Amino acid sequence: MKRVYVNEKWCLGCHLCEYHCAFAGTNGKDMARSLKDIKINPKIKIEEKDGVSFAVSCRHCHEPLCVKGCITGALSVSGGVITIDHNRCVSCYTCILSCPYGAISPSDDGAVQKCELCVKTSKGTPACVEGCPNGAIVFEERG
Amino acid sequence: MAVNFLYPDYEVARNYDRCISCRACERQCANEVHEYLEDSNKMVCDDAKCVNCHRCVSLCPTRALKIVKSNNTYKENQNWTGKTINELYRQANSGGVLLSSMGNPENYPVYFDKILINASQVTNPSIDPLREPMETKVFLGAKPQDIERNEKGQIVNNLPPQISLSMPIMFSAMSYGSISYNAHESLARAAEKLGILYNTGEGGLHEDFYRYGKNTIVQVASGRFGVHPEYLNSGVAVEIKIGQGAKPGIGGHLPGAKIVGDISRTRMIPERSDAISPAPHHDIYSIEDLRQLVFSLKEATDYKKPVIVKIAAVHNVAAIASGIARSGADIIAIDGFRGGTGAAPTRIRDHVGIPIELALAGVDKRLRDEGIRGNVSLVIGGSIRSSADIVKAVALGADCVYIATSALLALGCHLCRSCHGGKCNWGIATQVPELVKRLNPDIGYKRLVNLLTAWQHEIMEMMGGMGINSIESLRGNRLMLRGVGLNEKELEILGIKHAGEGL
Amino acid sequence: MKYVIIGNSAAGIGTVEGIRQVDKDGEITVISNEPHHTYSRPLISYLLLGKVTEEKMKYRSDDFYEKNKARFIHAAANEIDAKTKQVVLDNGERVNFDKLLVATGSSAFVPPFEGLALVKDKFTFMSLDDAHKLNDALAPNKKVLIIGAGLIGLKCAEGILKRVAHITVIDLAPRILSSILDDEGAKVVQSHIESKGIEFKLSGGVKTFEANAAILDNGQKIDFDILVLAVGVRPNTALLKDIAYIDRGIAVNGKSETSAPYIYAAGDCTQTYDVSSGQNKIMALLPNAYMQGECAGLNMAGGEKNFNKAIPMNAIGFFGLHVVTAGNYSGDTYFKADGNNYKRLFYSDNKLNGYILIGNVEKAGIYTSLIRERTPLDSIDFALVCEKPGLMAFTKEDRMAKLS
Amino acid sequence: MLREGQIRIPSGCAISGMINKSGKRISGEAIIKSISVMHDRSNGLGGGFAAYGIYPEYKNYYALHIFYDSVLVKKECEEFLERHFDIINLSKIPTRKIKEITDEPLIWRYFVTPLQTKLASSQLDEREFVTKCVFRVNTEIKGSYVFSSGKNMGVFKAVGFPEDVGRFYKLEEYEGWCFTAHGRYPTNTPGWWGGAHPFALLDYSVVHNGEISSYDANRRAIEMYDYKCTLLTDTEVITYIIDYLHRKKGLTLNEVASVIAAPFWKTIENMKPEERDTHEYLRMMFSAQLINGPFSILVGFEGGVMALNDRLKLRSMVVGEKDDTVYIASEEAAIRIIEPNLDNIWAPKGGQPVIVCLNGGDA
């Protein structure tokens, strides 16, 4: 299955992935209109310190602790992609407690949010991958 | 001091309707042009620091930025232009030589743009490269006078070492130091993938890149940096650099600030010491000295590597080339006055040397007149911008072209001509780690491969149009060229007819 | 192969899913003493709150049993006949098994209060049926007394607050959520809950009940219309009595095996190894229950699985204030508090033992993972991770391994 | 109007040739008949023949065929010839007055042998000496043009349709063991006889159909080696290349063919190692002699004839055999008209030379 992989060697810390992620979430046509005067809450987030930076988003684990721990069944695996059903999430944050990558965060609508590889927002390549100017985020099949 | 003040040449135009204050511009500008004001959630910029490299423009996710030419002006004067005045002010202030980078930007004729290419109609067929074989393979190297046969009468291979190229294009010399590790890696990997060569330049060869030896030309220049036997034998050819198109007649200077870590080790000079390449090779004061160096290098490489001698295109280039052809050199490389550089005195870059088209035509003719054109290969460079330039260069008589500026553009260079500042925002002409990492060789090498694959395809299309299916039939085939808007003398030097003249 | 699963909650469902990862065809029978489609027990307070509907409480989709080719039997299991490998149901039916899973969960513990029999509207708060009964009793003019300021009691309080006149919560312990919070953390949460109008009486128990009042140890009398008993829970281990080793809960190993052959157990009825404290414990938590069940299922169906990373952990929220805790609270502490944001980390012997996060719970999983994996703290930038949980604290190699 | 040598004139054409491997001599009538079938492939602006074995009585002498614009030039040229050669015989070449051929120059034939003193002092081999002399006449003595210079062979050419040219030169009265013929379709209207084909140097004669796209590359390369392209025609440069490779560099005709119509690199890669090495070598060594663009050529030489197509076979050419006679022509009809009952007929592949030698001979 194709997953998003990051390589900190090439991450520039430009944070564009976060903006492209946030924009993809709006389903808007123009980033300038969609994100103007908005504090973004992306599903991929940059960690940075002392010149090192990298993006972190859901790894779509084979053994997803978040899905196994989800008390409502809102998190589920579909075709390898871990998705969240916002209607069923009660914001207990068990998944936030469980995720060893820190890749799940509260969303603006009360549920939690996580990277769903843009399966719900766009076709093909996730927005963060498309938006990364340096190939630090790739979408590919690995062993 | 007011008299010091120079109004910025370029201004950053920010469309605040589109700016979402993502701060990508701020994070990506090594010149610290952009700044985020926390209080007002607003980006501001200082135009004076902008070098117009377009990094911010390219990365802005909302297209909120553009760079515009300042319309601040002095009183109009065709003689004392704003540029001239500003340069004078800068020198009055600093007392120093003006420095520039990349190729000559001034308004001299570009002969390639005044030459047109032929195509077949009716009397012979054009060839479709998608249906028929179309050969762009090139061999470079000296050729013996005669064939030899063994006792059975079979031809024996008496050719000196040859370089094999999939197309008549090579990446010309750019040293590790003047450009980044990642730029070098991109070039080396692209050369390998494409079946062509790249050139170490005068900075030695980083240990990581010995594995690309089959696609490497190692350069020996006047500073002899990084030259040792293993180095000389690591590539497929050795190039003696006598001169460079951007700065004929002068040497090079890589400031000590850039001589750090791997670069110091690769160049075999102490960290932080300036790397100064003398203007001449101090063991070459004459053509016979060159012959000695050529053969020294051949001895050092067991006569297994062709030796290239690279010179800048200067007024007497044809006679110099003739001398080189007789010096034992296998390949002559000529660099025209528009060739790029990581740093050169502005006056030298902009006023010394001659256009490569004229130099090429003159050298090719001279070598043919002397009957020795077949003995050596001829590589030319100095602002080859497209496949059309290559077709024209080959038709004028080149075996192959060197490209560098085009390659850097493919890697992201936006020709801001600020390489000498060392803060290349595209990760090319810099050694600052956080800037170097901006050039991901995985992307870089693919873009180079794309570019040359596209060019090769275009070359094939143009060759096919002329009814030629092998590049050697284009070489020196000047009847395939016509000049437009050139005077008799220019046509004569180029050895071509004017458009409208028949065969 | 015949699999029989007693219990239809997280552990039971985990077992079904575990079996089906390995064995697509074996016969699965799920026995539940509740008539409902599998539902999420922790959601009963949200049901009263109106945040979920019964439909949305379903832990798995309607076609779960069908999709997993599992037979569902609504009956209570009265007895396990280990010799004949049969489960005897309350209707007399005997169900054969090759492999059996016991996931009987736990029941509310009701201490023998004096006068409790006099109280008419008294409820426990463990199951959907409990919630239904309580729901029917709620009315805007009624006063509620909740015995127990633990997770169940307080979630119940949150769930019903807007639907009753007043709530008082009493607990023997001097702080609320005494099993998962320290004193200071408890105060933060308590004052937040108090600000919503709930009254606490701590450090005191009920001496005696009257029909509509409780007399506390200190003599204070608290009137109520509705009594909720949330003192604690006890694992349901009776079925395996005399069959398998039972300590406080049914003892299981990392493969979810009991001491009896062919019989596995998972969930709240079991007692397992807590890697954070090194002790065997009952860890009645939904994530553990599921994972234990899944592990049992995999092993029952012939797979290889060892669930050996169980730790106590809780994620819970009250009126928008989130509390996330994990592990055990021993060792040195790192502490930081700022308003409603509260963080305390417990570490010793180069390992993180546990943590309490209140308010900002961002990336809490990083800490959980440090506890679960027993990561040596000198292999990471511990100072950084205390300040700001993230992968940045790991070495470059570890980050590479995690992210690519 | 500019003529050959002043301007480059590409042209389409017809070619035909025949050779008797036993060396049996036949009349020139057949080749006229053959080329006349392909009348429409010419446009009346040039035709010609090369005939081998026609001067057995003078077979040890170079037969120089020369056009003169005037008697004055003739005198000048003859003085030059006398200074360099022993002239054994000289005569006007017999022609027949016909209305289709007009404006003929003076056409003379000389059987010569180099003066030994001159040859010795030139330090050249005999053939190189002759070549140099031919170039000097053609470039320095304006109005005179040596259009044939081999031994026991001769070229006959003129402005006109080839069949008329044949009648004009009374070709039926010559007997040879090999003939080639050419009908020309130039794309302008030159009036100069020297521009007609075959083009010849020493024993090499070339008739050619096609327009080569590598012309200037080939010309500029060959001119480095003391050749002077005075006509600026494809045939001229092809002849020089063949002379250079075969005579000067000592390549066999097969090797010559794999230089001028080189196999593609892809083909070479798949050859057996030894063959591959040779072809690689030839392409690298003689890259400037690769001839590109469409052509079919017939190369007459001392002991035979070679037919060759460009490597893409962009021009038609068929080969027929009957007993020990081999026929080669642009069109099959041109062979069938003179030999309807062929043993064998085929179209050679592009770049595949067909070399026919006199029995016992070697290319």
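Letters are used for the chains, namely A, B, C and D, taken in the order the chains are written, and counting of residues starts over at 1 for each.
The rule is simple: contacts are C-beta pairs under 8 Å (C-beta built on N, C-alpha and C of every residue); 3 or more make two chains touch, one makes a residue touch a chain.
Everything numeric in this text was worked out from a predicted model, so none of it was measured.
Participant: What chains touch subunit A and also subunit D?
Facilitator: B
Participant: Can you tell me which chain is nearest the middle of the complex, judged by mean CA position?
Facilitator: That would be B.
Participant: Using the stated contact rule, I'd like to know whether A-B or A-C comes out ahead in C-beta pair count.
Facilitator: Top pair by contacting C-beta pairs is A-C.
Participant: With centres defined as the mean C-alpha position, give me the subunit A-subunit B separation in Å.
Facilitator: Comparing mean C-alpha positions, subunit B is 43 Å from subunit A.
Participant: Distance-wise, how many Å sit between the C-alpha centres of subunit C and subunit D, to the nearest whole number?
Facilitator: 103
Participant: How many angstrom lie between the centres of subunit A and subunit C, each centre taken as the mean Cα position?
Facilitator: 29
Participant: Rounded to the nearest whole Å, what is the centre-to-centre distance of subunit B and subunit C, using the mean of the C-alpha atoms as each centre?
Facilitator: 70
Participant: What's the contact topology between the chains, one of line, ring, star, complete, other?
Facilitator: Basically the chains just string along in a line.
Participant: Name the touching chain pairs, would you?
Facilitator: Result of the pairwise touch check is A-B, A-C, B-D.
Participant: Hey, which residues of subunit A end up touching subunit C in the complex?
Facilitator: Against subunit C, subunit A makes touches at 5-8, 47-49, 52, 54, 56, 59, 65, 68-69, 71-73, 87-88, 90-102, 104-105, 142.
Participant: Using the touch definition up top, name the residues of subunit C that touch subunit A in the complex.
Facilitator: Result: residues 10, 14, 40, 42-43, 46, 51-52, 56-61, 286-287, 290-291, 294, 313-317, 322, 324, 326, 361-366, 368-369, 372-373, 384, 389-392, 396, 399-400, 402-404 of subunit C touch subunit A.
Participant: How about subunit B: which of its residues touch subunit D in the complex?
Facilitator: 120, 123-125, 127, 132-133, 135, 137, 139, 143-144, 146-147, 149, 154-155, 157, 159, 162, 368, 371-374, 397, 466-470, 472-480, 502-503
Participant: Name, in rising order, each residue of subunit B that touches subunit A in their complex.
Facilitator: 17-20, 22-24, 27-28, 41, 58-59, 61-64, 433-434, 437-438, 440, 442-443
Participant: Sort out for me which residues of subunit D touch subunit B in the complex.
Facilitator: Within the complex, subunit D touches subunit B at residues 7-12, 187, 210-218, 220-221, 223-226, 232, 249-251, 255, 262, 264-266, 274, 277-278, 281-282, 284-285, 287-288, 290-294, 311-312, 314.
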